[in-house]
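The structure under discussion is supplied below as structure tokens; questions concerning it will follow.
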Amino acid sequence: MTRYFLRKMVIYALTFVVAVTVDWAIPHLMPGNPVNTLMGRIQIQDPKVAHQVYTHYMRAFNLDLPLWKQYWYFWVSLFHGDLGTSILQFPTPVMSIITHAIPYTLALLIPAIALSWYAGNKFGALAARHMGLDNTVLPLGYALTATPYMWLGILLIWVLAVTWHVFPVGFAYDPTAVRGFDWPFISNLAYHWFLPFLSLFLVAFGGWAIGMRNMIIYELESDYAHYLGALGAPHRLIRKYAFRNAVLPQVTGLALALGAILGGALVTEIVFSYPGLGYQIYRAITNEDYFVIQGIFLFIIIGVLLANFVVDIVYLVVDPRTRIGMEGGRA
Amino acid sequence: MSSVPTAPLASPADPSQVEVLPVAQPMSGFRESLHFALRNKKLVFGLSMVSGLLLLAIIGPFIAQHAPLDYGGKLSIAPTTKGGYWMGTTLQGQDVFAQFVTGLRLAFIVGALGGGIAALIGMVVGFTAGYRAGWVDEILNMLTNVVLVIPTFALLLVIAAYLQVRGVLMEAVFIGITSWPWAARALRAQTFSLVSRDFVDMARLSGRSSRKIIFKEIAPNMSSYLFMMFILLFGGAILIAATLDFIGLGPSNTISLGQMMQLSVQNAALQLHLWWWFLPPGLAITALVGSLYVMNVGLDEVFNPKLRDM
Amino acid sequence: MKRIWRGTVLGVALVAVAAAVFSTAASGGGKAPYANYPRSQTLITSGTQWGNIAGMNPYTGNYAAGMVGLVNETLLRFDPIKGKYIDWLAKSAGWSGKKYKIVVRSGVKWTNGKAFTGKDVAFNINLGRFKTAFWNNLWVNVKQIKVNGNTVLITFKGTPNYIQWQNLMWNLPMISPVQASAIKSAAQLTTYSPNVPIGTGPYTVAAGGFDPTTRVVYQKNNGWWAAKAHVSPSPKPKYIIDLVNTSNTNSLDAVLAGVEDLNNNYLPGVNQLVAQHKVSTYYPSKPYMLSANTAWLEPNTTRAPLNDPVFRRALAMSMNTGQVVSQDYAHLVRPASPTGLLPTWNKYIDKAAVKKYGFKYGPSAAKKLLQKHGYKLSGGWFQTKGGQAINLDLSVPQGWSDWETARNMIVNSAAQAGIKITVKVKDYNTWASDRNTGNFDLVIDNNYQLSDNPWTYWNGIYHLPVIKSGTGQTFANFERYSNATAWKLVQKLDHTAPNNTKQIRALNDKLQTILMQKLPLIPLWYNGVWAQFTSKYWTNWPSAKSSRRYVPAMWRGYLQMTGIDVITHLKQK
């Protein structure tokens, strides 16, 4: 057990180091210099003064240091929880941009992942048992899972928002809403949250449903199922076993799909102008806002690592075989 | 974060999800497979959809009446038989049909290339890790995990920023080198289960090199599995490319389906109800990728006799 | 089995009910049954702020849209349509010889209750001592600021920069010394950002409504001096909410759905919506919008063959601007005069010179011109005089879709004249950085907004020296054009007293002749003051056909033109 966890932790730690390094390297390899953006906004006419101010900012952002030092300082400030200052939104700290965005992203992601996984598995299992349902759900599932996230978003906007005006086109809440922890504001939030959630949910749902349906069919056709059948075990029991076995790969699939759904959330947020991390990083990318890109990527990396870890634990709990297998090295 | 659907989300019989897949039939059963293939509705449907779209992608650009990026048509007209604007024009008067078929062609190119590269890397990493075990496995496994977690989107940004004239090839290569991890994982697991089988032991005893064992003994035993994996990577690559293009990181000097969506949304196509502009590209991607998935399940049923009676 | 069915049915039902509840609760506009900013008393604007709101710093050009104008006011304002200054916080302000005299209005109060005085004016001007202040170059020329009650007299060390100083007077926001005394260094000047700035204007920041990702909320200041003194009507909106701009789709839909009253984005296809009476614009038909700035093709004049005025002229002649105007913009913009001077500067245009030196579209004439001057065609493309292939790169900021379309059209139209141009894709910052450091052949650009004097335009074109290292060019002369004569003329114009109209005329004539002869820049079209508004909640919008000829923009720098008049003249529907 401990050995298994230790190994996992080492892998996660290494992934983290590599990811942080890449995260740091990427903006620094980009051409262009963010301080120039700032200079362009301040509009200093005297070239000598301009040069002084330029040097000042290069120093303030540590951009005048040799690369290895910049890298070192990046780690140092990382452990101080300091992610730097946004250049586009100077002087807003990156941390404050992230803390403003995270709730929105989580509010989309967690329900979308959990509900789509749950409902998808249930529906898939159901479809595997009923020919009629199978013939309708299956094609729909394939269509949904093959739909680009943004296109589904576009369709929903076009039909439900632009044409029928049932839902808003974007934003997290109505511009005239007064914020507060009360039902009116929360319902307003939910109203704006619904379409982006729905488009994320639908695409993911299709994938899980098909996955489950196919998995159950595998199981029902497997030797043990036939054997049980031959022994005269009731169908319900066989199905129960099949479902239980089929869920396991779906849990692994959850870990693998996290990145994909997160990617989907990013695009969905862009389509719906939903002010989560995806939307913020998109803005930062198009404006080459070094520190914001870095900070948000960092949070995403940490989030994905954590989620993977949770899935690992869940898997361990659900499937005792893993424990033995992992402890013994090779299965 | 992979910004985009990397592993087709829990897609049909996603190989990565099947821990111990019944090992595929050796190719000796080719005739038998063909026999079942022709009777498998899913496979026939998927294959004909994909072929139909492929045909359109090949022929379309030749029969289009205008160059995809040319201006000059009447602004935002609905599909018409007049002037060769069969699918209407954009807000700036470009031929939607010409853009659509060009984009479709690009989708196939990106899918084949991106999927191919990913499959190749996945195979090399997966086989090696599964066969060699030990520290080689550890390192490769770590590499797989790292790539799985790293925001692949950032990598593209660097590439995009450096390559100011962006091409489809670069995009495909990028997708290829970032979307292989799940394939590698799945192949590793498969190799594990094969390595302990008798015929591999035999080969090992006869003193053949690891590389030969992998490519002569193990790989052929998984050929159907590999093919299915390639199909999924192919579809995945198309989806990733569409997403990147939609965000504005698509190839310059041409037009892809993702860019059509991006431009239509940017140019108020939704509000002006220019449906002929934003519906076809998404529909084509959905149809293409969906058919690929359906085809994949069909193939699975063909190769896996236990599923045939379904 | 049944359980699953029940579960799913329940789930679907829940979703449906939720959707119904939310949509009735939240889409009912003014009837929403909960506390909100009452829609009928709220003006909602958007189109200025892209990305999160950075805060309330008035100097770094990214303050919350509306802050300067609504909260912090300027001494003067400028009406570009009439070409006149409007006395605002100053009862009068102007030159008396080489001195500048400001008389502050009495009765103006800061929102903290203190009176606005001459001392406050001196305090604000003196913030120019910090090097990061945009008027630092003017401040260093100030000899003395004498304050006597409400009168401020400024003397200068040498000849005053008449034009720049006058421009400063309607662009320098008056911020409260109580808060701004916290500024103690050049760096602090750029980070200073009070949560609720103390101002003199018609609105104050409602801090509770502020959300950097979404909006800034302003609340009416009932004690506004201008309404009390009957200098301006009292604005009707109790609240003004400026929304962060997210995407064209969002903006356009927000306008159509009545979520926004005024939008200052470029919205493609807006001409169709005007025709369908869904939105209104300043002009009821083409060109729809007032002109805000000149979009031009900026050649890097230090690179061959773009260093040759003849080549630049041929390039200019190959530009099919008509196509850009009609197809890319559907006549939402106007083609530029060869001088590039905005329509509001029409009186400065030397018509005879335009006739003589102006360029006209003609690809075959462009070809002939090049051939006449020794450029040779090879395989349909021109070569340099040295016989090398010409292939110019052209870039616009990525994602600026109208410019991307224009760029493609330019590539095509230059090809008609045998000039090969290749597109390079750069995101905004790379594009700007490359432009500043001279790492480009051609860019489409627009740098200088509508202002009180064409001097800002000339300064932008001819400013010297060209900085070759470090920052590169940060605010002017991105084409890196070295013309000492022209630069001297620009400086002379700045140093010409406003009453010397003859010299002003002569200098402007010379400057535009140089532009048309040498074409350091190729003027293409005039970008509009993008503004579309709806009358669902507010009426009496400005229009060319009414007496309300105001510039309908919340853009930074535009409220103190006549943007504020747009707001004060609105009527509740």
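A, B and C are the chain letters, set down in written order, and residue numbers restart from 1 in every chain.
In the analysis below, a contact is a pair of C-beta atoms (placed from the backbone, for glycine too) under 8 Å apart; a residue touches a chain by one contact, two chains touch by 3 or more.
Here the structure is a predicted model, which is why all the values come from computation and not from measurement.
Of the two interfaces, B-C and A-B, the higher number of touching C-beta pairs belongs to A-B.
Taking the mean Cα position of each chain as its centre, B sits at the greatest distance from chain C.
Mean C-alpha position of chain A lies 38 Å from that of chain C.
Between the CA-based centres of chain B and chain C the separation comes to 45 Å, rounded to the whole angstrom.
Note on chain placement: the centre of chain A and the centre of chain B lie 21 Å apart, centres being C-alpha means.
With touch defined as above, residues shared between interfaces to two or more other chains in chain B number as follows: 161, 248, 265, 270-271. For chain C, the set of residues that touch two or more other chains comprises 247, 249, 253, 256, 398-399, 427, 430. Shared interface positions of chain A, defined as residues touching 2 or more other chains, are 30-32, 157, 162, 270, 285-286.
Contact residues on chain B toward chain A in their complex (touch as defined above): 1-14, 16-19, 133, 141-142, 145-146, 148-151, 153-155, 157-158, 161-162, 182, 185, 192, 235, 239, 242-243, 246-248, 258, 261, 265, 270-271, 273, 275, 278, 281-282, 285-290, 292-294, 297, 300, 306-307, 310.
Looking at the complex, you find that chain C touches chain B at residues 247-249, 252-253, 256, 267-270, 272-273, 323, 327-328, 330, 393, 395, 398-399, 401, 405, 408-409, 412, 422-427, 430. On the chain C side of its complex with chain A, the touching residues are 1, 4-5, 7-8, 11, 18-19, 21-23, 25-27, 32-39, 42, 44, 50-55, 57, 59-62, 131-132, 134, 136-137, 186-187, 190-191, 193, 208-209, 211-215, 241, 243, 246-247, 249-250, 253-254, 256-257, 259-260, 398-399, 427-430, 432-434, 436-437, 465, 467, 470-472, 474-475. The touching residues of chain A, counted against chain B in their complex, run 11, 14-15, 18-19, 22-23, 26, 29-32, 120, 139, 142-143, 145-152, 154-155, 157-158, 162-163, 203-204, 206-208, 210-211, 214-215, 217-218, 221-222, 248-250, 252-253, 256-257, 259-264, 266-267, 270-271, 282, 285-286, 293, 297, 300-301, 304-305, 308, 330-331. Interface of chain A with chain C (complex): residues 30-47, 49-54, 56, 60, 86, 88-92, 96-97, 100-101, 119, 122-123, 125-126, 129, 157, 161-162, 165-180, 182-185, 187-188, 190-192, 194, 270, 273, 275, 279-280, 283, 285-288.
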